[in-house]
Each structure stands twice: as C-alpha cells, then as structure tokens.
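For reference, chains read A, B, C, D and E in written order, and residue numbers begin at 1 within each chain.
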Amino acid sequence: MMYLIPLFPLIGFLLNGLFRKSLSKSLIGIIGSGTILASFIVSCILFFNVKSGGALPVQPLFQFINISSFKIDFAFQVDQLSSLFLLIITGIGFLIHVYSTSYMHDEKEEHFARYFAYLNLFVFSMLLLVLGANYVIMFIGWEGVGLCSYLLIGFWFKNDSYNYAAKKAFIMNRIGDLGFLLGIFWLLSKLGTANYNDVFANVHQLSSTDITGITVLLFIGAMGKSAQIPLYTWLPDAMAGPTPVSALIHAATMVTAGIYMVARSNALYSLSAVAENLIAIIGIATALFAATIAIKQNDIKKVLAYSTVSQLGYMFLGLGVGAYTGSVFHVMTHAFFKALLFLGAGSVIHAIHNQQDMRYMGGLKKYMPVTHITFLIGCLAISGIPPFSGFFSKDEILAAAYSVNPVYWVLGVIGAGMTAFYMFRLYATTFLGEFRGTEEQKHHLHESPLAITIPLFILAILAVIGGFVNVPEAFGGNASLHKFLSPVLKTENVQGLTSSKDYMLMGVSGGVALLGIIIALAKYIKKPELNEATGLGKVVANKWYVDEIYDAIIVNPLTYLGVFFKNVIEKSGIDGFVNGVGTFIQYSSRRLRLVQNGRVGTYILMMVFSLVVLFVIFWNQTIIINFFQKIF
Amino acid sequence: MNAIIFSAGFGVIMMFCSFLISNKSSYRHIAVVGLLLLLVVNVMETNGFDIFHINSYGMLSYTRFGLFFNTIAIGSTLIYVLLTGKDIERLGNYVAEYFTLIFFVLCGVCILSSYNNLLMLFLGIEILSIPLYILTGSDKRNLKSNEASLKYFLMGAFSTGLMLMGIALMYGGTGTFSLDVVRSQTGLYKGVSFLEIIGLLFLMVSMAFKVSAAPFHFWTPDVYDGAPGVFTSFMATVAKVAAFVAFLKLCYVRMTATSTAIDWQLLFAIIIITTLLFGNITAVFQQSVKRMLAYSSIAQAGFMLFALFSLNDFGSKGLLMYSAAYCLATIGLFAVLVKMKDVTFEGYNGLAKTQPVLAATNAIFLLSLAGIPLTAGFLAKYYMLASVIATGSYTWLVVIAVLFAAVSVYYYFRVVQAMYFKTGDPQTEPITGSFKIGLIALAAIIIIIGVLPQTLFNWLYF
Amino acid sequence: MPIQNYIILAAALFCIGVSGVLIRRNAIIVFMCIELMLNSVNLMLVAFSKMHYALSNAQGKGISESIGSDAQLFVFFIMVVAAAEVSVGLAIIVMMYRNVHSTDINFLNRLKN
Amino acid sequence: MTATEILFWFLSALALFSALMVVISKNPVHSVLWLIVVFFSISGHYILLNAQFIAIVNLIVYAGAIMVLFLFVIMLMNLNANTEPQRNSLVRLAGVVAGGLLLTVMISALRSANEITNSKATMSEGDIGLIQNLGKILFTQYVVPFELSSVLFLSAMVGAVVIGKKE
Amino acid sequence: MIALLLILIPVIGGLIALFIKNENTVKGFSLFISLITLVIALFGVYSNQTSELHYNVSWMPDLGSRFTLGLDGLSKILSLLTAISLPVIIIATYKNTYANTGKFFGLMFLCQAGMLGVFLSMDALLFYFFWELALIPAYFLCSIWGGERRIQVTFKFFIYTFVGSLLMLVSILFIYFKTADHSFAMQSFYHANLTASQSQWMFWLFFIALAIKMPIFPFHTWQPDTYEQAPTAVTMLLSGVMVKMGVFAVIRWLLPIFPNASQSNSSIIITLSVIGMLYASLIAIRQDDIKRLIAYSSIAHIGLMCAALFSNQQVGMQGVLIQMFNHGINIIGLWIVADAIQKQLGTKKFSELGGLAQKAPTLAILFVVMCLANVALPLTNAFVGEFLMFNGLFRYNPIMAGIAGISIILAAVYTLNMIQKIFYGNTVALTEKAYDSSFNINVALIILVIVVIVFGVYPQPMLNLTQSGVNTLITKIP
C-alpha cells in the first residue's frame, strides 16, 4: 500500500505531462489535485495503521543497486515520523493544488498542465524522500525536490531573472547535496549499508570521528535544502515562482526535508556533540539573521520567505538542542500557518494583479475579508501568540534550548519578537490603512474565488488548532505527539524543566512576541514605511549584501578562473604546448633542411667529419655508455 | 645463380633489341616477359632447381633468405615495369637501353643477396650503382637530371673509395675476403683483429651511404629529386633494399662476433636516430611530393636499420617484410606521381574527385608507409620494433622511433589531405584502365599482406 | 719492410685524395683524387698480400696458392671497376659540360633543401 | 740501408709529393701529369713487392689508358689554370682539416693494432704476383667475378652510349 | 559466432554502403544494418553460452597472435552501447544531407566495426589493430564532412591519438616478449613477467595512449576542437563510443597487466583526473558554444571515470562500467539537440539564441531530460554510475572525492546555463521563426530518454551484467 502514495502523484505527473496539449483545464486540475487527494487518503489510512499498530514493516519494491560491497533496495518505510510527514505533505499539498486550479487559471492550457505536472512531480519527489527506507532513496527524493523547485521557480521561463533564481536554487541545493552525498558515502564505506534500520542498529560500530563527519556532512545537505546559513540565499529568490509553489516549497515540501533528515538520523546526531552544537548555532544564527532581513523587506513574499528561513532556523535550533519532537512539531505547525500565509499572500497578489510590493497595498481588509482574517490568524500563529499553533511548537523548542544553554533561549526569544514585529509590519502595511495602489487596481479589488478561499479556511483552522496535538503536560495536555513519535525519536533530549519554569519561559516569549506586535502595529498602521531605507536599514533591506559578498568571493573568482583557464591555460598553455610541438617540428624542419645545401663538397665534408666522429665514438663507447648509465 | 645469369642475359637481349626492334612498346613487353621468366627461374631455384650448377668457389652462397629476397626484388621490378613501363617510353630514344640497365641492376641485386665474399660485395655494389648513375642522368637535357647524376656519381665513387679502404683493412686483419672463413682458422688470427674493425667501420660508412642512412644520406634527396621520376621509383626501392640486404649479411657475419668488449649497437643507435631525425624532420617542410618521398625513403631507411641493429630473427624476417611493403608502396606512389603534371602538394589537390581510384590506392600506399595497421607497412614496422625489443636493451630507441613515426604520419597525410579534403584541379597524364587495375591489384596485395602475413611467411618456410 | 710503413703511406695517400676531393671544385680533378684514393687502397692491398704470404710461410703450413694472391686479384678487379667507372664518370662530366659549359661541381645547384 | 729500402723511401716520398701536387696544381693538365707520376711511383712499389703483374697492369690501365682519357677530356674541354674555379679558403681549410683528422684517426687506430706490429711485407721473395700464378687462380676460383665484371663493362658501355650520344 | 557477426556485419554493410549512390537507399540500408547489429548485440547480451560468445581462430601464428573475440560482461555492455548508438544516430540525422552519402555511412560502419573490435578482442595485437582501425574512418569522416577548420583540427586529433597508440604498441610489444608463452593472448598478458621498473615504464607508455583517447586533463586539447569541427553524427560516435575505448582499455588491459604500477601511480592519475574535472567544468561554464560546452563536460565526466578506475575500488569500477554506457547515451542525446539547433538556426552560440522553449517545446523537454541526466540527477541513468564512482573515489580518498564532488555543482551550473540561454528567456530575432524538432529527432531522443529513465530507475540489470567482470578484475589487483 505504501507504494500507492508516491504512485498517484507520479501518475498525475505522467498524465498531465504527456497529454498536456490535449487535456482541458478542468480535467488537468482534477487529475492534479485528485491524485494528491488519493495519496492523502492513503496516507491517512497508513497513519492510523501506524498509530494503532506501530511502524509498518519495510517494503522493498526492487533492488536498486546491488553489488557485492553494498546493497541498496528501492524500499519504502512508513513509521511514526514519516507517516506524520506524509500527512503534512499530501494534506497541505492537496490544498495547494486546489488553490492552484484557480490561481493559475489564466495560464494557457499547455502551461497549466505543465504546472500541475511539475507540482505532482514535486509532491512525488517529496514523498519519495520521506518514504525511503534508506539514505539513497532519500537522496533521490532530495535531489528530486531540488529539480522540481528549479522547474517551478523558473516556471515563467520567459523572464530571465526568474530563470536565474531557479538556477540559483538548484545550484545552492546541489552544494548541500554534495555534502549529503559524501555523508552517504562515508556511511556506506563504514557500514556497508544505508538502510535506516541497519544504520541505527549499528551506530556503535562507528568511531566518534565517523559520526561527527557523517552528521556534519549530512547537515551540510540539510543546510542547502532547508536554507540555513550560508546556503539560504536561494530561498528568498525562489519567490520568483508562482505563489502556490512558494507555499508548497516553504510549507509542505522541500525545506522541511532537512529537518526530516536530521530528525530521522537522531540516533546519529545525538551521539555527536560537535554536530549538535553546530546545528544549534547555525540554526539560531539563521533565525536571527533572516529575521533582521525580513524586517526591511517590502516584497510581501520576500518577507514571508525570510520568515521561513528564520523559522527553519528555529527548527534547527530545536534539533541541535535535542528537541526532535519539538522541531517536527514546529514543522507541522509551520506548514499550516506558512501555507496559509503564502496562500493568503497569493490571494492578495492575485487580487491586485501580480503586484507584490506591499508599499502599493494597504487597506485590503475591507476588500478581502476572508483573506484578511485567515492571514491575521496566520500572523498570530507564526508570532507565537497563545493559543495558536505556533506558540506551542516554538515554545517547546525554546524550552529545550533553555535547558541546554540559556543563551540560545535568549536569542530565540529576541528572534520571536522580531518575527512578531515583521509579521505585523507586513499585516499592517498590507491590510490596514488606505489602499495605495493605482485606481485601476483598486477598481478590480475583490475577494478571491472559492477554490482559493476554501483552502485558506481549512489552513486557518489548522493553524489555530494545530498546536493542540502536543500540548505539554505542564499545560495539562498529554503531549500526544511526543508519545506518538517516541518510537522513532528515541534519543530525545528529555527536558528537565519544572513546570513553573516552563510557564515563566512561555510567558516571557509570549510577552516579547506581543510586544513586537504592538510596536509593529503602532508604527505601521498610520504611516507605513514607503521610502527606500537608508543607513543600516538599507544594508538590511539589501539582505546584508550577502548575495553581493557571495558573488565577490565565490562566484566571480570562479568565473574569472574559468575565463583564465579558457583563454590562457587552455589556449596558450596546454594547446599552445601541443601546437608548439608541431610548430617546433616545422621550425626545425625549415632549419634542418638548410643543411642540405646542394653542394657536393659540403656533403662529402660532412660525411668525412661524421666518419671521424663515428671513429671517435666507437673507440670511446665504454666511456659514453657509462656516462649515460650514470645520468639515468 | 639462375637469377644472376638470367638477369645479365636479359640485359644483353634487351641491348640487342634496341637495334633489332624498332617498336618502342614492344621493349616493354619483352622486359615483362623477361621479368616473368626471371621470377620463374628464381622460384625454381628456391625450390631447388638450379639450372646452371656453377661452382662459385664460395664466392656466392644461396640461402632461402637471399632467394626470397630476389623474388621480392624481381616481383617489385615486375610490378614497377607493369605500372610505369609506359612512362619510361616517354623519356627518350633509349628505351631498350633503359631496360637493359634495369636488368643489370637486377643482376647486381641478385649478387648482393647471395654474396659470400667481399669481392662479390664490391662487384655487386658497382654493378648496382653504375647503371643507376646513368639512369639518373638519362634525362640529358634536364639540368636537374645532370646535376643529380653528377652528384650521385661523385659521391658514389667516393663511397666506393671508402668501401675499398675498408675491404683492404679487413683483408689486412684476416687475410681473406671470404665472409665465412672462421677467424680462428689459421691460429694466428685469433680473437679480434683491430684492422678488421677499422675496416668494418669504413665498410659500414660506405654501406650506410648506399642505404642512405644519415649522416651519409645527403645524396639521396637531391638525386631522387633530380632523377626522372620513373627511375627514382626504381632506385629508391629495389636498389636500396638490395643494399640493405647486403648490409645485413655483412653485419650478421662480421659484426656479431667481433668482440665482447666492442659493441656495434651504439653506433647503429646513433645512425638510426640521426637517420630518423633527418629523414622525418626534413620531410615535414617539403613542398614537392617527390622530394618528400625522397626524405621519407631516408626515414624508412631508419626503420630498416633496426634489423641491422638487433641482428635477430625478427630483424631479418622484418627486413624482408619491410622490403616488400616499402617497395610496393613506393612503387605505387611513384607510379601515380609520374602521371601527375605538378608534383607539389598543391598538384594533388582534389585528386579524389577527378581520379578516385588513383586517390584511394595512393591513400592505401601512404597508410602503408605510415605504418597503419592492416597494411603491410604496419607489419614491417612491427617486426622492426619487435626486433629491437627482443634484444632486451635500447627500448628507448623504440620509443624515439615511434615518435618519429608519428612525425612521418604528418607528411604522408599531407598528401591524403590534398587529395581528399582540398579542392583543386589536378592535371594528370591520360590514365588507362589497365593502369588503374594495376594500382588496385597493388593496393590489394599490400592489404592482403597486412591482414594475412602468413601468406608471405608460409611461402618462406614451406 | 715493416707493414706499418705501407699502411701509413697508403693512409697518407688516401687522405690526400680525400682532401683533394674536398678542396677542388673541378669535377675532373675531384674524380682524379678519387682515383688517387683507389690507388692507395691498391697499394695497401698488395702490401697486405705480401704480408699474409709471409705470415703463412712463417707458420710453416706450406705455401697455399691463394694466400696473398687473392688480394692481388682484388686489385686487378679494382682496376677493372675503376676503368668502367671512369668511362661512365667522364661521360657524365662531358654531358654536363655540354649543357652548361662548366665542370664546376658547384655550378649546378638547383637541387637543395 | 739496402738498395730496396732506399728505393722504398724514395718512391714513397715521390708518391706523396706528387699526390700533393695533384691536389695543389692549379692547372688541370699538371694535375693529370702529377697523377701519372704517382701511378708510376706506386708501380715502383709493386715491383719492389714482387707483384709484377699488378705493376704492369697499373701502368697500362691507369697511367696509360685512364689518364690519357682524362687528359683527353681536359683537352677537349680546353680547361686550364684560368678556368679552374677556386674554392674559398675556409672550405679549403675545412677540407685539409678533415683529411688531416681522418689521417690522424686512422693512424692512431692502426698503430694500436698489435697483431701486425711485427709483421713485414716481404719484398722480393714469393712469386704470387707472377702472371702465371695469378692467372691460374683467376680462371679457377675467381671465374665467377671475372665473368660478372663483364656485366659491369656492358653497363658502362651502354651507359656511355646513352649519356654520351647526341640526340 | 555472435562476436564475429557483431564485427562482420558492420564491415560488410559498410563496404556495401560505400558503393551505393542513391541517398535514400543508403539511409534505409544503413538503418537496416545498424538495427541488425543491434539485434545481434542484444542476443549477445542475453546469451550465456560461451561457444556462441567467443570466437577464436588462428591468425598470425608466427607473431603469436590469434583472432580471438569474446563477449564477457565488460564487452557486452559496451557492444550494446555501440550497437544502440548507431541506429539512434542514423535516426537523429536522417534528414541531414551529405555529399557522397554512401561513403559517409560506409565509413561510419567501418568506424563502428573498429570500435566493436576494440571491445571484443581478447588478443593484444588484435586489440591494437582495431584501435587504429576505428581511428582511420573517423579521421576521414571528420576531415571530409567537417566544419571550416576541419583539416587542421582533425589532423591534430589524428596525430595526437596516433602518437599515443604507437607508444601503446611499444608497450604491448615489450610485454609480449615478457609473456611466458610468447603470445598476445589476454591471459598471457595478465601473467606477464615484468620487473617493477619495467612495469613502471610500460605502464606509462600504455597509459598515455589511453589518456589521450579518454582524454585525461593535460592531453585533452584535441577534443573540443574535434567535436566542434566534426559532423555531428561523427561527433556523437566519437564522444559517445570512441572515448569509451580509452576507459575500456584501462579496465581490460592496463589494470590487470600492471596491477602494481597502476596502484603506485594511482595518486598521480587521480590527481590529474580531478584537476581535469574541475578545470574542464570551469571552462565549460565560460563557453559560448554548445558543442564546446558539451565537449568540456565530457572531459569532466571522463575524468571522474578515470579517477574512479584508479581508486581500485570495486564500487568505483562497477560504477565506471555502467557509466560508460550511460555517458554514451546521454552525450549522444545532447549532441542530437545541439545538431538540431545548429541545423535549424545555423548557429551554436548561446549569445545568439534564447527563448527556444516557446517555439520548440518538445525539443526543450527532451533536451532538459538529457541535461538532467548529464548532471546525474537521481532516477536518471547517470546517477547510479556517478554515485558508485564517487563512492569508490571516496573510499580511496575522501578529500579527493570532496574536491571532485565540486564538479557536480559546476556541472549543474554549466548545464543549467546552457538550458537557460538556449531555451529560456524571450525569443530573439534568430529564434523568432524557429519551429519544433522534426519527427526523426524526436524519435531518437525519446529512445534515449527511455533508456535514461529505465536504467535510471532500474539499473540492476546492468550491474548484474558487469558484476562478474569486475569481480574477476578485482581479484587481479592486490
């Protein structure tokens, strides 16, 4: 049954891809969404199976690579962790598909079908990633989502800057993938297997260097995929794609892959303090860094994008401090509210005809009530306001961080405040105040159709209630997610906090978030930030010039190196040498033939001299041969 | 003995033909018949039928090797006459005399392949050379031909002087001209004779001159270039390989056992390298195909010298192989060359379009000379390289040789390029169908030898 | 007479001949110098023939007819060949003289490089 | 010093001197004449070595026939000292140096040939050089080369005709 | 018998084709012959009977050489590649016209026969013969039907490879004299009796020939020029199959004959290969010419194969074996598109192209799939090979593998650059009137895409095919 889950999207991909010219739009939409729905249903069944009976046995499909030194099956595995992810992926994915049928309706049929084919492929890859029973299958999905993101970001391929963004995404991902790949090689060379079960059962065979090496390399993969410092820059640029795609990338698929992988490998990570610290530091650094950038962005999607980066930083912080469940929990809640936010943003963008700059929005509250409400819920959820879902998941991470190192917690709380601030800056600029767009846009402003609003509704509900699945026991909940995941996330860092301390921490973070909201609302309802930022603000608005720095220290040197190789080394050096041999022979031919000067006297003279020389050589040949033997 | 007497006799017959028969082309036919007869009697002798039973008192000795070489030489001459006979007729009024001289050269060739006495070596070389001096100068009005003939003659006579000095010194050391007389025979001449070694050095130089090994090769390009193309073809092939065979015998008998302390290989290595260097490098820049072929013949000589260097079974077999491959290919190339009105590389431009058969066969000849597999030339080179490697030392020499072989590809393929890849309007003499058939047959022989060398060697060792 | 005297004499004559070939430009003189070389070889051969004759005598093996005389016959053949060569050589020189009215070996210099 | 020795040294000196004169003489006719002197002195050596047949043949063939032919050709072409082209001095020097080097090398190599250090060429004894003895060997053992040299002459004859005849 | 037929049919077909004048007849005939060859190759792949797969007759007893052909796992996969590639090439270039079509296809077949011979021969001298034999038709093909600078460029290619193969000949000869039974047979060669220093020297002589053919970093300069100038059908054959000859020869001959020398020199060679990978990738990034870009990308890929071979790991070898096949398929696909573009629009410069995806969507999609295979994306065939090869390299030296891995990233850079500049963006003047690829090109590409996907998803058959070969090889190597 497991194989059905990825099979449906694959069928959808093939149908939509192969018959893209002959299918009607509605049929395309039905195929696209229906296959995901089918997957979702199967996922639900499996989820309940798992919930009731524990992890399902590994189901091998066929031998993928079977050679004498190792054996890799194309095998699927559904356990607590993956079944949860399956639900998120297929569930949210389905909503996004439905949403897309309306959002992308303006496209030509051919492109419409192509879009859905890509989306299905995306989901398929992500499902492979999650379902795989070993790291290689995970890697296949891993690269697959990279590819799909490339295809979808560059969906409007006429626009070259979109293409650049797509390329950037793919390449950045590839950098991480290299690390991932090397990690797999390390595993394979030490253990001879990449199956999760075998690997986790045999961790004790690995030396600590091995574990550190493997985990760090795998984490590099996660950095790329989940957009952590220093490989995060592709994610904001990925906004070039259609908005539902952004939602898909940011919420359900792709970026959560890194979290999934680390959580999946918790048995390894928990054995390496180095790796854990690295993850925590990178995570919190990313969370803060991205948050600062988000504050000064004017593009609605960019703000959301940086918020994703920031949230992902939180998740990694959680992983780094051993709160695996917390991170997975945050993945889930984040999937709800980030999908909601993106789809909401998409609704807005859709309404004002592809205008993404929020300086030209404002006052949309009255034109788009549903969007407004759901968006607000999303903002509250992400800001960590109780009792919205974000609050519980974020606090679980922060609590764990506190127990490991209070500095993490302090930084995390600051980040939470900033999150609240920029989200409400966004909210205020977009929905409150007066509309600042053109008259024509204003004329066309309207609430989006049902295919858009229904998913928003569903997601809003989820964003509100999603947090309750794992209410900590301190709050009287039963931490059911914890219990559910405990067979998989065995090595979790058990919190040693008293409940009173827990309350205190929650209170502080909630308070800080609230503070951020208030400041933002106070600042931006009346006079939204319309001018270009200056000073430090400009630096932040330009993303700390990180892209420029990358260009300067990595991209440009490499390009120049390429030019240098191409024009200097290749032409004058290697080819020059090869041709030089030819030229030299030609030259020596021109010179040597002058010896043949046509005079008998010279010829005979040379003969006589050579005769004499041969005589001399002949009598002294022992000396000559010895001489040469000494040289060589 | 059959071949020597028949070739001399046919020379005389051709001489008489010159004033008994006035039809020019009948000379050619008589010559062909003569050569066929010569071939037959030689093969008969190879099989043990000696018609004359002349006691040569040890002056000549018949070995399978020598007789087989005779077959190659006579066969090559036959092919040569068949392909280029018509062009000889174009040359002047002395057609019968030219054939006479060619037969006399063959007589010299047969002597050289079976000599067993230094006197016969000397006579053989002279019988070989003197007709060639004349053939070189046969285009009397042409100053190039005059010049070539004078140069060839003067230098040839000079080298004869050197050779005689060598023979005299060898005689001084051993007291005999016979190659076979064992050194320890008289008791007095045990071990190495210094005089003989010096004599051998002189002899080596003069033989190196005859086979155009550097640095005694200087006559070759000028003479081959200046001589009428039809005769260049003959002297660059049959005459030259005959000198090689003679040289090989000399080395085998006299240079193998001169001393343990004295090693001829170093000298040969030096000569080989200089020969390859001069031949290949100088050929690169030539503008005339004819002159390029002259230099290439020097380069090929460099490879043939390997047989003399290594003096083993591979070497002697290889020399036969090489003679066959080299003669056939060069004769074919010259047969086409003398049909060309312009013998520079430009003159060959676009030949593949106007004369596809000529171009294709020419390409095969060139491939063979360059030593590309599945042609006779590859096996020839193969044997030569193998002979050196089999000696176990001087492997570096082989490496140098193959690098030069790659250079040789450069100038051989310039002709291919001109014929196939460039456009032009090549002017040729009228080409007959039989000429084309002859060329195709020649190319086929080269390929058959290359693919199934066993045909050649089964013949040799049946 | 010690054989060395003859060897040195012959070698000296030979080398004078070689020098002459190198020094002179007149084809006929060059050719004459070559004849000089051949003659020095003849002298050497005759001297060697007498030397070997004496040596085999001294060994007391009885006088074989051919010991020594083969060298003298060789000299005879050298003369024969030289005569033939002279006829051809002079014919070539005359032919060239007819064409260019010179016997300078450097006069014709079209074939080079 | 016996008469033979005196004769030997005299003839050697004469031969060397006239050989040098052949090379040095400006006038080709003088060269020819000096060459004849060389041949005569060499013939003298032959007589000293009791090789009468060779001595006579040398006089008849070389001094008599060949040199006359040379003289004839030179006369025919009307060559004299003035028409003799001169090489430049560098080439001459090179020629002399080459000849000298060759001589040095040869002699130094031959001097070390110990197998002949005590050998002598007998001057008057032994009759191997008589026509009778040589003839016997020539027509028995050397009959094959003798016959084959006819081919040489034939080709020389044909050659002379081909080249010399005016068309 | 199958082995003999595999060579014989292209030879005979080629000789016949040489003399057919009518263009359409030639094309049909060629397609027919190439398909027959393919069928025979498939038979060979699925057959297990030694008597069918081997062919052994006396050839040059005097030289110690026999005409020995054999199909084992190693040669099966490569003869399959050779047999597949020709029909695909013929289909893809079916509409191209050549002067003297008959000669063109005849030479193509002779070239194919030569390559098949290289893969099948189990006798060193025979191997050398075929090695050269494959070169000569290629030389003529490139020089007669190539681009503007064809004569010089092809000549350089020819001489360059010829030098290498002559050095190899010296090495082969030397080993021949060191074999116990003075024979050129493969098994005798494997047990040749060489001293350490001898095998060191002979190893390098042998290796240089293969390095030029593959080509490995400093010996590669013939390649981009030749690929650029050769007619595309020939380029496909050259890059798809002929460069595999070098890799193949390393596996078949070099490693088993010189196990110790190859191990002691592996660090040098691997370093060179890795340098070459990065070097070629960086140059590829800066190319403005489709053909040159593909050429440099090929250098990078071959460099990886060479590095994996010398890492002496079973995994790596296995990877190389299947990657030889896969790389052949992929690069032929890329050339087909490059050719289609050049034929249609008359340029191969990126700077003059753009937005072609709007005009030629089918071509774009197929090309993108081929490109993805080129960057070794999972579930394309190249992934499995590269995965195994990098794995082998990693076992040899993790740091080297890491450095070499950078080329994966660079490969993505230049490949995506290429896609973007050709197909994406807005149309330019040149591409305004472009139209989609013709039927035959689509057919050829779809065949390749199917192979790419099938072997990408289910590579196990290929692994099974080659496993035995690798196992026997591994036992040879200490």
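Here, contacts are C-beta pairs under 8 Å (C-beta built on N, C-alpha and C of every residue); 3 or more make two chains touch, one makes a residue touch a chain.
Predicted model only: the values in this text are computed from it and were never measured.
The minimal number of chain-to-chain contact steps leading from subunit C to subunit D is 1.
The greatest centre-to-centre distance from subunit D, using averaged C-alpha positions, is reached by A. Looking at A-C alongside A-B, one finds more C-beta pairs in contact between the chains of A-B.
Here the chain at the heart of the shown protein, by mean C-alpha position, is E.
Distances between chain centres, each the mean of the C-alpha atoms, put A farthest from subunit B.
Each chain gets a centre from the mean of its Cα atoms; for subunit A and subunit E, those two points are 36 Å apart. Centroids built from CA atoms put subunit E at 43 Å from subunit B.
Here the CA centre of subunit B is 26 Å from the CA centre of subunit C. Note on chain placement: the centre of subunit A and the centre of subunit D lie 101 Å apart, centres being C-alpha means. In subunit D, the residues that touch at least two other chains are 87, 91, 94-95, 98-99, 102, 106, 109-110, 116, 141-142, 145, 149, 152, 155-156, 159, 163. Among the residues of subunit E, none is found touching two or more other chains.
Counting partner chains per residue, subunit C has residues 3, 7, 14, 17-18, 21-22, 25, 30-31, 48-49, 51, 55, 67, 70, 73, 77, 81, 84-85, 88, 92-93, 95, 105-106, 109-112 touching two or more of them.
Pairs of chains that satisfy the touch definition comprise A-B, A-C, A-D, A-E, B-C, B-D, B-E, C-D. By the touch criterion given at the top, residues 87, 91, 94-95, 98-99, 101-102, 105, 109 of subunit D touch subunit A in their complex. Only residues 59-63, 128-129, 132-133, 136, 140, 143-144, 150-151, 155, 158-159, 162-163, 166-167, 169-170, 173-174, 176-177, 201, 205 of subunit E touch subunit B when the two sit together in their complex. Within the complex formed with subunit B, the residues of subunit A that make contact are 582, 585-586, 588-590, 592-593, 595-596, 598, 600, 602-604, 606-607, 610-611, 614-615, 617-618, 621-622, 624-625. The residues of subunit B lying in touch with subunit A in their complex are 150-151, 154-155, 158-159, 162, 201-202, 205, 209, 215-216, 218-219, 221-222, 261-263, 266-267, 270, 277-278, 281-286, 407, 410. Interface residues of subunit E, counted against subunit A in their complex, comprise 156, 160, 218, 220-222, 279, 282-283, 285-287, 313-315, 318, 355, 357-358, 361, 372, 377-379, 383-384, 387-388, 390-391, 394-395, 398, 401-402, 405-406, 408-409, 412-413, 416-417, 420, 423-426, 458-460, 463, 467, 470-471.
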